[in-house]
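Listed after this line are the structures, all set down as structure tokens.
Both complexes below contain subunit A, partnered by subunit B and then by subunit C.
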Partner chain A sequence: MAEGRVEGISKVTGSGKYAAEYKVDNVCYGVIVGSTIPAGEIEAYHLDDAKEVAGVLDIITHLNRPSIPAFENEESIKKSGFSLPVLHTDKVFFKGQPIALVIAETLEDATYAASLVTATYKQSSFNVDFDTTHPSIPLAGTGKERGTMDAWSNAAFVADAEYNIKHEVHNPMEMHATIATWVSKDKLKLWDKNQGVNNVQGTLSRLWKMPAANIEVISEFVGGGFGAGLLVWPHVLMTVMAAQQVKRPVKVVLTRPQMFTLVGYRPQAWQKVKIGADKDGNFLGILHQSKHSKSVYDNYREGITRISRMLYKIPNAKTEEATVSLNLSAPTWMRGPGDCSGAFGLECAIDELSYQLKKDPVQLRLQNLATEIDPDTQKPWSTNFLNECVEKGAANIEWAKYRKAQPASVKEGDWMIGYGMACGMWFAGRSKASAGIKMQKDGTISVETAMTDIGTGTGTGMQNIAHDNLGIPKNKIKVNLGNSNLPAAPSQGGSTGLSTMSGAVVAACNEFRKKIAELASVVDEAYKHVNPADIVFTKNGVALQTQGNRPVSYENIFAKNNLEIIDVQATSGPGEERQKYAFCSGAAHFVRVKVHAKTGKVKVDKIVSVVDAGYVVNDKAAANQISGAAVGGLGMALTEEQLVDHKLGCVVGNDLAGYHFPVNADAPIIDVSFIGKPDVNINPAGAKGLGEVGIIGMAPAVANAIYNATGKRLRNLPITPDKVLMA
Partner chain B sequence: MEKQTISRRFFLFTSSMAASLAFIPAGVKAFYNNVKRAIVRSKEKETVSIIVNKQKHTLSVDSRTTLLDLLREELHLTGSKKGCDHGQCGACTVHIDGQRALSCLSLAVMMEGHEITTIEGLAQDGKLHPMQQAFLECDGFQCGYCTPGQIMSAVACVNEGRTGSVAEIKEFMSGNLCRCGAYNGIVESIQKVAAR
Partner chain C sequence: MRPFTFQRIQSLDQASARKANDGHQCIAGGTNLLDLMKKNITVPEVLLDITKALPDQIETTAKGIRIGAMVRNSAAANHDLIRSKFPLVSKALLAGASPQIRNMASIGGNLLQRTRCPYFYDTTLPCNKRNPGTGCGAIDGENRMSAIVGYSTECVAVHPSDLCIALAALDANVIIRTTDKKETIIPFKDFHRLPGETPEQDNNLPVSGIITAVDIPSNQFFKNAAYVKLRDRESYAFALISVAAALELNGNKIVQARLASGGVAHKPWRWYEAEAFLKGKNATLETFQKAAAIVVKETKPLSNNAFKVPMLKGAVEVALQNCLNA
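Then we have the complex of A and B:
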């Protein structure tokens, strides 16, 4: 039987419990009521009708909710870092902002009663129009400027264009949900959908001014994150307040339409890229400018132009950014935040330059990639095999054979065929984390951490690493994760999960070997002076690779030491290597598109992604992530667009029928491969993160292929059929 | 079928009324609210006998409860997932009398006498269904949330003989969204079972 993920059986049988699925005695249901205006103040609530509904227990608003200690007054709210003090303000900043929570015995009662809650408001003027607002917002320099703009004013070839990306929404399949219960007056327990249990625990501890140890957060199964689960959102606070109010466990599950406004999104972005090259195609200078949307109440900012300072050898580089405040909910990090948007501008501009230069875009990139030194920090890359990614990708899609330099030159009936490519890069991070190993008397172990597994395969990766280090068979290694009582770990985001955990698990394995040597020495003195690395774990006990085997049974170890369980913990994090080197993951994406001449429909029928992510801990899960990211990139390129109604001041079509991310038939079978060379400096496993880099560069690869197919340069995402036809 | 068409029209009619009334003075709105309360009855319970995974349940059910909420909130069979509650994502797919169906679009009170199979009922005698085994082997998931719905639809895909090509499988499976984008593995799993 081929082996699957460590949690695979739970997922294919439906037995794994996601946040809303725990059976909690006496639980009642909360349903959020959103504001019906985009800006203003609440004057009065009208709750009488809702209160009459059978089963309604209470309705909390900013007038009657239990107070969150950190939201005591304006000043403490500012200090809390929470830009939206939910139910602690009468101000409305966007349409759909939570203004009340109806708590009832059943979901049906609560849903019906919530439909009867209304409020009267004092309305203010509002603005939700990014396109007409951004031109008046001034740009400011960001990052380190290199050289001067004058130095390349006479460049032989210059591409200079503007690019736009619409507001996109994460939409993990599991809707965010929280069950909160006050176990006692000062003890709180949550089953919550998030990407970091310790972050939720710490945030609630600060807000409620109670010890973190008194708050338990459980997120064992997480139905997708993509960044939406990195913050503690208003509904979590509302659930905790509600549980306090009705003195019962309360469950709140967002509706899918609420998922579009209450847990963040990728902001709308405008970019201008001007890039120059000499007659041989050597890049001389770049000016990358960007502005993105944000909410009026929040200061979210993402570095869209950063990638232009990192990817290529460009002697003169200047980047400028700005944000545009709108009466929409707050955006947040979404898969490949910043770089994913920035790569669209940069990688399309380079493609435009390649046609001016009459130079193959593959060659143009190979000539200019900065694979030795990070141009931004001037530190050497620890490893950067982006050039190999480009070469391998070109070979896998047979670029040289099929890609025609002349746009709009290949037709199959009504379909125009084109090839395009682009690169992606993401910083390879690593954080500090702890992991624990527990051994039972039968010799089975569990590897433990508070870190979540949002579907990336973190748990399976931890099992693989423990197996590689200890030699214990995988079926004897369990993984426990996603609980704040387990050894502390940071949130799972920014492609740092496995990079971080691999260090912690290796450290725990080393600690475990030391502990076993110590305990075995009670049985056999030979273990006193043994090198812990010499210990081998067998079916029934341990032995030594040297010194004539000397087996000691687990039974004896436990008995002689009078133990019920062997338990170790270790912490590991980045060190000096971060001062010496710059770290990155890289990807090259190649696509073949068919564009229908009469309807403008774009069909991507081939995708090749080649990724440099260091040592690949688990081939299958890694390839799955990259192909999944490619699907996400297809959505960005062709279909994903959150519509905003400028008159009503709100998002519209905010459900899965109105917002289109790719279905199975939208994506081809995706060809993924890895360079696989370990990065020996980043962590003991040599593994670099790969969650983001798969999507960064995918959208420009598609746009570039559409140009190759049609001769039409489409600079506004998503590239829907109408845009293709009108171009 | 006839009944559903009427109720859909009625729904569209009432919601367009609601939309147009948004621009009408408060007194009229209050009137509309009264009308709405008269239309949507608050609570009505009915006794229903349904068979879920070969086990019979006789339950007193709120007439507004969907089959999905009955499974998840009353029977604690949480394998069927809620991804949209509007029939847009496929995560709640179950088999009703052997036919694939969206449990979020089926009211529990309509299930009298019907036989429901959920993901929890797919494995037999402690042995995984071949489709579950294939999803495990082909890594046909990441976060796992859409997986039960994918598997229930995948079983139907094979049963209905829609596995002739990758394109045919992809088309058939396009009612089951996967935001992780694990479509490669989903198609491979179905091909594997179809080939047996």
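Then we have the complex of A and C:
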């Protein structure tokens, strides 16, 4: 097992600071007031009572806020790409939409005063009912169609069914928070919870029409993101406006109920999957259709059907999608966006087909997996060991021995036992990023990038990669992350973090070796002509591996070059390999469930996940990602559902008692393993991303196991005990 | 949160005298009250910290056991006497909340915790219990968690406590101190109310009333008692359905039975008819199934909670069966 996280001690001792925890002199507090109607216009604010509360400094509304340059008029708002022009409109699109920010000396004052703010509205009609609305929304083709639908109209076996997934909420442990301060008239500094400091910096630069260099964004520790931190949300803009208004640093921390409406969620989705096979189980064709909810003011869309074009060899494939606009806040990417929902439809449908075919679902998948060529782009996969994941997973859970082909055939008292499996796949991306290395006189280095570590282990991975490359002991490698002043990097998301950073860190290591050779040559000429790869870093200095050692001390290097610090930066990104190959990570998930015949209770008592994510840079952090994703998958499968009241037009039960993500007691021991074969084409580390793939396919594996246990095919998530009982 | 004054109370007399004043409210463990205050559902002007004034011991009495109102839920659940002679109480307590909350929560506070109906918990939604006259949001809204017996057109909320289900089953008594320094005893079945026309009133605690203890009479149910709770996740969730079952057996013959449920009504609900049916019967699966069928005869589900009927039936059967293996 690898050693723990670089940030582990800071996190468990509390010395690591999350956005809201920074002490900023003269800070005051903002509390958001949400609209109490789902649609309409604000006619008037009633602020008098709130203003009387001691300590209230100001209340900003759309009538008195400092204006955001990019929100000057309708036209510029459209161009800004920011869908909710917060405090720059009198329109209300959803209940809970921020309509005012109360700013006070203390959080308590602001909170109390915010409770006294009211508004009168002109109400308009609204719609928050996805289920009754989506049938009337037309589908449109998406992705590349293959073959024809006629070609398989006579398929020997066809599974054809509809699947539904409820609206799910990220709910990271850490509430979103922003502290904003105008350091000078044209310089802004933010401590902000997000997954990408450069993205926040760039967005604010666009909206305030000021140079990005004048905006510093710090997000050093992030208490979970799951996608909610990939966008800049209205509260961030409100905090910046407030700081402008009161000319003081302002802190805004969302409340837990606000976390349900102000930072996105996984949209509600409907799917229909029709898949056909010949009598031997070879897939002939698929029609995958989906619709998901979105907000009336936003154009979010996620590719739910994409996975059906990638995973299996299917000669005829057609995918169609649509979105359904509702008076709810905007959804966003949530762990495994699109594919996670799509895999539920696809992988359940394949399971249904397997029972029709009387074929083991493991065999059916092995027979049809497209491990050579990406069926969608027709490019060869750089690496795809999904078949090995399936084989290894089946072995680890002893599928052949325990899984019975006949549903509802294994009982222990009132408990029915069943096994299920499903596959997941996620594109293995990589972006361009920069990293820097700084060496101090004592020979310690720091590896730096603006990228955030949202709990994924990116920092630890970077340390591991630098250690592997330079041979400098890990305790002499510090990692600095999450500050927009550090070398630029994209956001931590889409499972691209480590894949992206590995390239940048290796490039920085190479640059560093070159620089050291150059600096050492001032001490010893021999270094002029060395291959930088030949340099070894020792306790006190550098030496050469092959050309007769020739040690040079750090002391000498710094002294002779008159340096206080050695500082390099390098940038690296994907290249031609993306033209030649398709890249993916894959996972096979196996679960064993117990279903109680009399009460409908479902207990997942074993999970096996086997993942192909290329070379595993840090097995502890990687396994941690996969088991966390598995628990997220359990939530999707069994417990998570945001209730929406169609008559009142809003979400209800917006707290952690009302919204049920799983707790530890719901999770069995999760047996995680990796194929571990490097993907030599993707990046220098050979590591493919693995943040999303752990959740993709988990929910269908559970649903399939419930079918195997009970003979009940449950196609609507979450599968709460009531659904099991009433099926 | 509205600014409030915080007063440390030294004696029960002081507590009940002050509690009678407008805007004064007691705080014990605070696990429910603080949530309600943060959400502006309860806005007291004065908080009376009664933690030092309340008894916090568990004692045996001539008739049974007395649990002081300030005994923490976890202390009660892990107490030897409760575990050995009143295991139903321990089981119910351990099925509730989370260890952290149980460490803070008091016995008195547990009885007085308010419903978890989502409409009650959000001041922007209609709720007759929180704001009389605004209507019931749940009755034709999200009522999956709501009642299936004893509700009214004004309110369909359920009482959230697990402990109270066990106390109802065991015929506990609530010991109350009021300003006139008299000790009032309210039998558990009469302590909580049905919503009727006044859903804002959860219980019959007098205005100046302080709960000082809960008495549980000695009983022969300790060998065969079970608590079954069905919920949306394995811990830290309120009951969809819960069943407290207890049998006194003579060989295989049921001398006496107790059955109560949570998640079904505005108050802890006893299934008297099924209890009467069980009396004198043999403790067999068939008997239990018949008892469960009698239980569900009384129920009348709402638009979104028809599932509670079969779930209740199953839970009653399982709870009675579990009594035999307790």
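Quick note on the criterion: the second predicted complex is superposed on the first by the 724 of 727 C-alpha atoms of A that agree within 3 Å, B and C clash if a C-alpha of one lies under 4 Å from a C-alpha of the other, contacts with A are read in each partner's own complex, and residues count from 1 in each chain.
The criterion applied here is as follows: a residue touches a chain if its C-beta (ideal position, glycine included) is under 8 Å from a C-beta of that chain, and two chains touch if they have at least 3 such contacts.
Computed from a predicted structure; not experimentally measured.
Of the two partner chains placed by the overlay, only subunit B lies in contact with A:621; subunit C stays clear of it.
Judged by the touch definition given at the top, the superposed model places A:456 against subunit B, while subunit C stays out of reach. In the superposed model, A:380 lies in contact with neither subunit B nor subunit C.
In the superposed model, A:141 makes contact with neither subunit B nor subunit C. Shared-chain residue A:175: touches subunit B; no touch with subunit C.
In the superposed model, A:473 lies in contact with neither subunit B nor subunit C. Touching more residues of subunit A than its counterpart among subunit B and subunit C is B. Contacts of A:112 after superposition: both subunit B and subunit C are touched.
Within the superposed three-chain model, A:657 lies in touch with subunit B and with subunit C [touch as defined at top]. In the superposition on chain A, A:414 makes contact with subunit C only, while subunit B stays out of contact range. Residues common to the contacts of subunit A with subunit B and with subunit C across the two structures: 108, 112, 115, 655, 657, 661-666.
Residues of subunit A that touch subunit B in their complex: 1-2, 4-5, 7-18, 20-21, 23, 49, 53-55, 106-109, 112, 115-116, 118, 170-175, 221-226, 253, 255-256, 454-457, 620-621, 623-625, 627-632, 655-657, 661-667, 669-670.
Interface of subunit B with subunit A (complex): residues 33, 37, 40, 42-43, 62, 64-65, 69, 72-73, 76-86, 88-89, 91, 118-120, 122-123, 128, 132-133, 135-137, 139, 141-148, 151, 166-167, 169-171, 173-187.
Only residues 1-3, 40, 98, 116, 118-119, 121-122, 124-126, 137, 140-142, 144, 228, 230, 232-238, 240-241, 305-308, 310-311, 313-315, 317-318 of subunit C touch subunit A when the two sit together in their complex.
Note for the complex: subunit A touches subunit C at residues 36, 95, 108, 111-112, 115, 257, 414, 596-601, 603, 638-639, 643, 645, 647-648, 650, 652-655, 657-658, 660-666, 720-723, 725-726.
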